[in-house]
Amino acid sequence: MDVTRREALKKIGLGGLVLVGGHIVKSPLGLTQLAHASDDKKWKQFAGSKIVFMSEDTPPTAAIKSKIKPFLELTGIDIEIIEEHLDIVAEKVGIDVRGRKGAYACYYSQDKPIGAPFYKHAEDLRKFEKDPTLPKVPDGTGSDVWLHRFLDITGRFYDDPKIAAYPYDNAVAVMMYRKDLFEKYSPNFEAETGKPLVYTDKTTWKEVLEICKFFKKAKFPDVKYGIALQGREGWGGQLDYQRVSYANGMWLEWDFDDYFGAVNPGPCKWGDEQSIMTMGNYKELMKYAHPDSLTNDWSGANTAYITGLAAMQPQYGEFAAVVEDPKQSKAAGGRTVYDLCPKGDPSWIVGNGKAVNGTNFGIGGIAINHWAKPELQKAAYLFALWSTSHDTQYMVLKDVGGTPTRKSVFEMPDVKKAFVRATAPMKKIKPVEMDKGVMVDKVPLMPNALTYGPILKGIWKPDTVVGPKVPKFNEYIQIQTSEIQKCVAGLKSPKEACLEIKKKTDRLFRV
Amino acid sequence: MARTELVSKAAKRKRAFWRTLMYIAIAAFFLWTTLPLLIMALSSIKEHRDAFQIPQVGDWLGALKIASFSPTFHHYTDLFTKEHFAQFILNSVIASGSASIIAVSLGSLAAYGLARGKIPGEQHLSFWILSTRMAPVVAVMVPLYSIFTGLGLLEPSRWRNLLGLILAYTTFDLPFAVWFMRSFFEDIPVELEEAAKVDGCSNLKAFRKIILPLAMPGIVAALILCLIFSWNDFIFASIFGQQAAKTLPVATSELHSTVSIEWGGILASGTLLVVPMLFLGLLVKKYLVQGMTMGAVRQ
Amino acid sequence: MAKVTLTNVWKLYGKIEAVIDLSLECKDKEFFCLLGPSGCGKSSTLRMIAGLEEISEGEILIGDNVINEVEPKDRDIAMVFETYALYPHKTVYANMAFPLRVGKRNYSHSEIKERVQKAAKILEISELLDRYPKQLSGGQRQRVAIGRAIVREPQVFLMDEPISHLDAKLRTHMRGELKHLQKVLESTMIYVTHDQLEAMSMADRIAIMDLGLLQQVGTPDEIFNQPVNQFVAGFVGDPPMNFIDCGLEVSGDSWNLINESFKINLPPDLIEKFKKKNGDPSSRPLEVVLGVRPENFVISGEKARGEGFWGEVYVTEPLGEDMIVDVTIPNNKLKLKTSVDLDIRMGNRVWLETMKNKMHLFNRETQEAYF
Amino acid sequence: MAHLKDGTMSQNVSPLQSENAFSRLFDRIKGMLPFHLWIMLPTIIVLAAITIYPFIWMIVMSFKETAMNPGESDIWVGLYNYTRLLDDEPFINGVKLLLWYFLLCLSIEVLVGTSVALLINNVKWENFFIIIFIMPMMVAPIIVGYLFRFLYNVSFGWGYWLLKSSGLMSGETILANAKPWLFSFFPSTAFMAVVAADVWEWTPLIILIVLAGLKAVPQDQLEAARVDGAGPVRTFLEVTLPNIKSVLLIALVVRFMDNVRYIDLIYVLTKGGPADTTKILPFYLYNVSFRYFEFGRGAAIGFILLLFTIFMGLFFVNVVFKKKKEVSNSG
């Protein structure tokens, strides 16, 4: 399919191709230059039409919304961006597409919660790529322009060659921890365990548990718990658990290729020895984690972390913007270090499974609604192109800490510099007193970039886990998380919980 | 004489005891009601880092630190500068106000009809009206969504969306209004209208000139309660309100974004919400009392 | 059964004085009426006795006990309200049984039943016991209210205008019933009314109040025949007493009431009465008010021998046996009561004479009675 | 319109006026229904228009499994959506929790609300208390949810601090606490936390309505009870309560319906967790319909909930009507 796309491009011979990597990319103000003379008409052809983009309220969307003017100038399309919670986005999109209404010409499609059940309600983007009347963007939209297999993750489902969405933003899990606390309490830790208190990409979940036990027992005045987890019912809890379960033996519920998923996954592996062992270990982790971990989602866990109650949190990269904001966060001002998620521990693995740094994510895509009117679909496609283009992503990154999906953005020299705190460009702020006498007067210009190091490492196999792309993903994760919670709460033993999940899940998939 | 003296002293002591108990109960409820609001108001004028400070468990003196902070009003100003709360407030006012007025206008007619008409099966009709408010919102949302898209109320246009919200609010305000006001109309003696009709009023005129003014306190009370119900609505507004007609509760819930919960903003918005509604509280009590005592006086 | 004593009782609502320095004694087994126009403080007094209002100053005793601080339920009283105050959600039986069930003493079921039935029988409402108040007529409701009061056999009955909402005929009937009941039960009864006829016909003694002040206490006869002031005189009797302004000229033993239309010579016994009560008149001529009850006139078509005056008939109201005649005299209009047989028509000139021994004389300034 | 105003007088209109064809037609239409039905018509039409279609949709859909994908069509599954609920653990759990929810919310709200109304009735600062006590009702439930989530937070919640400091709570967390509260048969601590928020928000409604009802209790009956020897408790039970029963029922029915209809608080506070201990039936319905998009199963649950509400509503309303009938029988 890639070939056909290229052929199409060749035939049309767009100027855009010539410009790839050229001055447009280098010039940060070049947004409007997307409309190259020969393309101008193509961009403008839907001027005056009105479309709605139903999006999750992620920082990139907020930024795009506030910087929508260039798009208006480029296309003349009046776009309304609705920002909602992911839950409500799923709710509204679900009602809309299942009701076959098409009120939202394009919508935010998280790979599993929205993509997996609804991808058939999305228009095949290849259709628009082939359409000679529609413009192109520099670099194009082939799978190699995005981060590693991101197009597969958000766009491809099951056996269908259709591309349902373009990668729009990303939330990849990394470990955030308080370097200052680790250094400060290392002697205490060493006295107790004989090891220094450090976190590296080799640190295992079992060692994390040990650190948690240490912090909880010690009751230091400036930190109470070792880790803040996010076991809230639903997707948050599923991802949280998966980071542990995958790290230990690369355990997956089903054996299908997790990049594409399966419509009929067959019997699941819940209830096997590894799953029971992991369940027990997760319960133990929860026991020593921040007490609200079972009800916190990502933002709840992050609040626990930035209020200084937890020394670590596995968290999505985009949260760095909040963590680095001294007005809200006690973990700002260079106190936080970002690294890969913890590794599995050999003693937590049954048999000879592999220990990896289990990294998972939610990659938000932008999809075109199958039920929208054809002209609006095309107008929406223009928005999809524009909003995922290099220039837009670069602009967003610098504005509020976006989460780009295009490789080329990560290759920008100033972005690269921002990966490392020492070289990251900073901006001055009004000084904020963090603790007595500790003032912070500058913050990273692109705080999210601090997490890109571990992110770019974590998104490769074997560390990465895409998660079960199954049509009934949403019900599956409810089953899973509520049983996990029952186990953690002590209402069920790990084995009972795993077997219950197995029973209900197999029933769900009519096995 | 001596005996009576004793009685009165014991009685006095007993009365004092109950009186004290009563004040303690009122005080306890007072604290229960106000403490969360107080914390809400206080935290809304703190920086997050201050708002997130609580003393050690058991450190009662440390609780006094709740008042030591340098106040900031940026959470409030942010609501109006970074967000568009002025517009959201307006949306809320328009949607809940119009829906309440429609509900009470139509509802008072229907309630009067129910109270007066000798209609066969009137009881069933009355219960049916009430029962339309009973269906779980979630269960009927999908068909309602179809109706609303069919009517074009979900197109991206502020007025269409507002109209949609008004219609949605009417679905639950109207049955309530009918049901609530019915007893007020029942309390008005039939003789009054009969007198008016003998004097040459038509049915409608008798209703307008004689009945409505008498039932006014009840109608105002119903109006305010409808206002509160629709002002507080979240689920309808979140599905049908869209971006253009976002109401205050929806906008507030969106301060909980993917990456952070804007506690300051949420609490500031909650504080903002309470203040204007206070006056409504007094009004509704006044009219509710008036409306209800009407019947007793007339007995 | 017990007497009720009020000593220097005051009731203040803020600055408004509803009852002013009232002292009364209501004897045991007495039918005692508090009479007065609305707003005179009679209801406040009753409610203070009941314990429904706090006593601002002074003491109230039931029997020998000061009950100022005693809760109503412990005063051993029963009260019948103007509006009956029946509990609408309870049957007649339950209404009547209520005081027995909730009171201090524990009555057994059968005892309650017995008492209620007995009371119902007295009041002739036995067949209504299963009904609800809304299903009863006014008179029936009133009986139920009384029934609820009598089941407890309290020391004192308090009645607050209990029959004023009934129609005239029923009211007349109930007057007798109530009086009879009180005698049968041998209870102390304090009865508040604004209707002088009720008070006169039922009470053993009457206290008349006006503007919070006690005017006179006495038997109906005393009140009627020896009113202490113009207010009492005017309040009691139907139609009310006629008042005619005149001057009192004293020249030695000849005392004359003088007015532009008449000159009436006072007989020696009245002069004696006057002197006994008031001493010698100090300033003369005295400004006085002559009070004559409607029935104390002699009417004739021609000028008779005695001292009298002319009037013109304004209207006549025959009442079967009696007739009320309105007569205009200069500066005044009089109501007279006479036999219906008299042939008097509108516009006739009639000669009026007063029955001298039934005359009342009041001080025009203080309105106190001279005799 | 002029004719409508004439109303009953229309028989007397002059022949000249009624010659107008339009007005004759109007009179004829007007004559078809009694006046009282005419004025109910707008309400009936509006309500029918927005409820009948959803109602039919719900019933029909409950016998179907909805198609997931474009091009497919719904499948008739008969009673499967209902029968599968019989051994659907979350459903049974949801019913159980819903009953708990009613029991706790309604009883606490009515008890506390009525008591507070009685306490502040006729005290000196009544109006001041009303303003204060009524405030929670004015905060949208969704914001109350956030406020309590803020208060319950282990990291910075004053509510958590207060509960812990006063020793009223032993667990380390409120909202993540799936352990039963107080007694082992009780729902979880998290559940009680949701109930507390509901009570905080809605007790004022009961206070308000009961207080208004109290003002309408005839003073003479209260005085009669005092003289008759009834103590405060007796007076309340036998005199006041029967008099405010109907207003109390209005408040109860409203609260009852809204407890089924709205899930705002749970949506913000717990999302049904931890360990399903706050997943009352309406919230499970929400998950089924809007998370799993199983409209068929959702419709079946919704229909059962509706029947349940109607049944309970009938029960409540009959209590009201029974009283009304007694009154009207008197004639």
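The chains carry the letters A, B, C and D, assigned in the order they are written, with residues numbered from 1 in each.
Note that a residue touches a chain if its C-beta (ideal position, glycine included) is under 8 Å from a C-beta of that chain, and two chains touch if they have at least 3 such contacts.
In this text, all values refer to a predicted model and were calculated from it rather than measured experimentally.
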(request) Could you work out how many touching-chain steps separate chain B from chain C at minimum? (result) 1
(request) Report the chain whose mean Cα position is at the greatest distance from that of chain A. (result) C
(message) Applying the document's contact definition, name the chain pair with more C-beta pairs in contact, A-D or B-D.
(response) B-D
(request) Compute per-chain Cα centres, compare each with the mean of all protein Cα atoms, and return the closest chain. (result) B
(request) Take the average of all CA coordinates in chain A, do the same for chain B, and state the distance between these two points in whole angstrom. (result) 40
(request) Round to the nearest whole Å and give the separation of the Cα centres of chain B and chain D. (result) 13
(message) As a quick test, compute the distance in whole Å between the mean CA positions of chain C and chain D.
(response) 57
(message) If I count partner chains per residue in chain D, which residues reach a count of at least 2?
(response) 155-156, 218, 290, 295
(message) Residues of chain C that contact two or more other chains, please.
(response) 71, 74
(request) Mark out which residues of chain B touch at least two other chains, giving numbers and ranges. (result) 52, 141-142, 146, 253, 256, 261
(request) Spell out all pairs of chains that touch, sorted by label. (result) A-B, A-D, B-C, B-D, C-D
(request) Show which residues of chain A lie in contact with chain D when the two form their complex. (result) 87, 90-91, 94-95, 98, 100, 117, 120-121, 231-234, 237, 290-296, 303-304, 307, 309, 370-371, 471-472, 474-475, 478, 481-482, 485-486, 488-491, 504
(message) Under the definition above, what is the set of chain C residues touching chain D in their complex?
(response) 50-52, 71-74, 77-79, 81-90, 98-99, 102-104, 132, 134-135, 148, 152, 158
(request) Report the residues of chain B in contact with chain D in the complex, numbered from low to high. (result) 22, 25-26, 29-30, 32-37, 39-40, 43, 51-55, 57-60, 63, 66, 106-107, 109-110, 112-114, 116-119, 123, 125, 127, 129-144, 146-147, 167, 170-172, 174-176, 178-180, 183, 186, 197, 200-207, 221, 228, 231-235, 248-250, 252-253, 256, 261, 263, 266-267, 269-270, 273-274, 277-278, 280-282, 284-285, 288-289, 291-293, 295-296, 299
(message) With touch defined as at the start, can you tell me which chain A residues reach chain B in the complex?
(response) 50, 52, 56-59, 62, 80-86, 88, 91-92, 95-96, 98-99, 101, 103, 171, 298-300, 302-303, 307, 318-319, 321-322, 327-330
(request) Using the touch definition up top, name the residues of chain B that touch chain C in the complex. (result) 1, 3-5, 7-8, 11-12
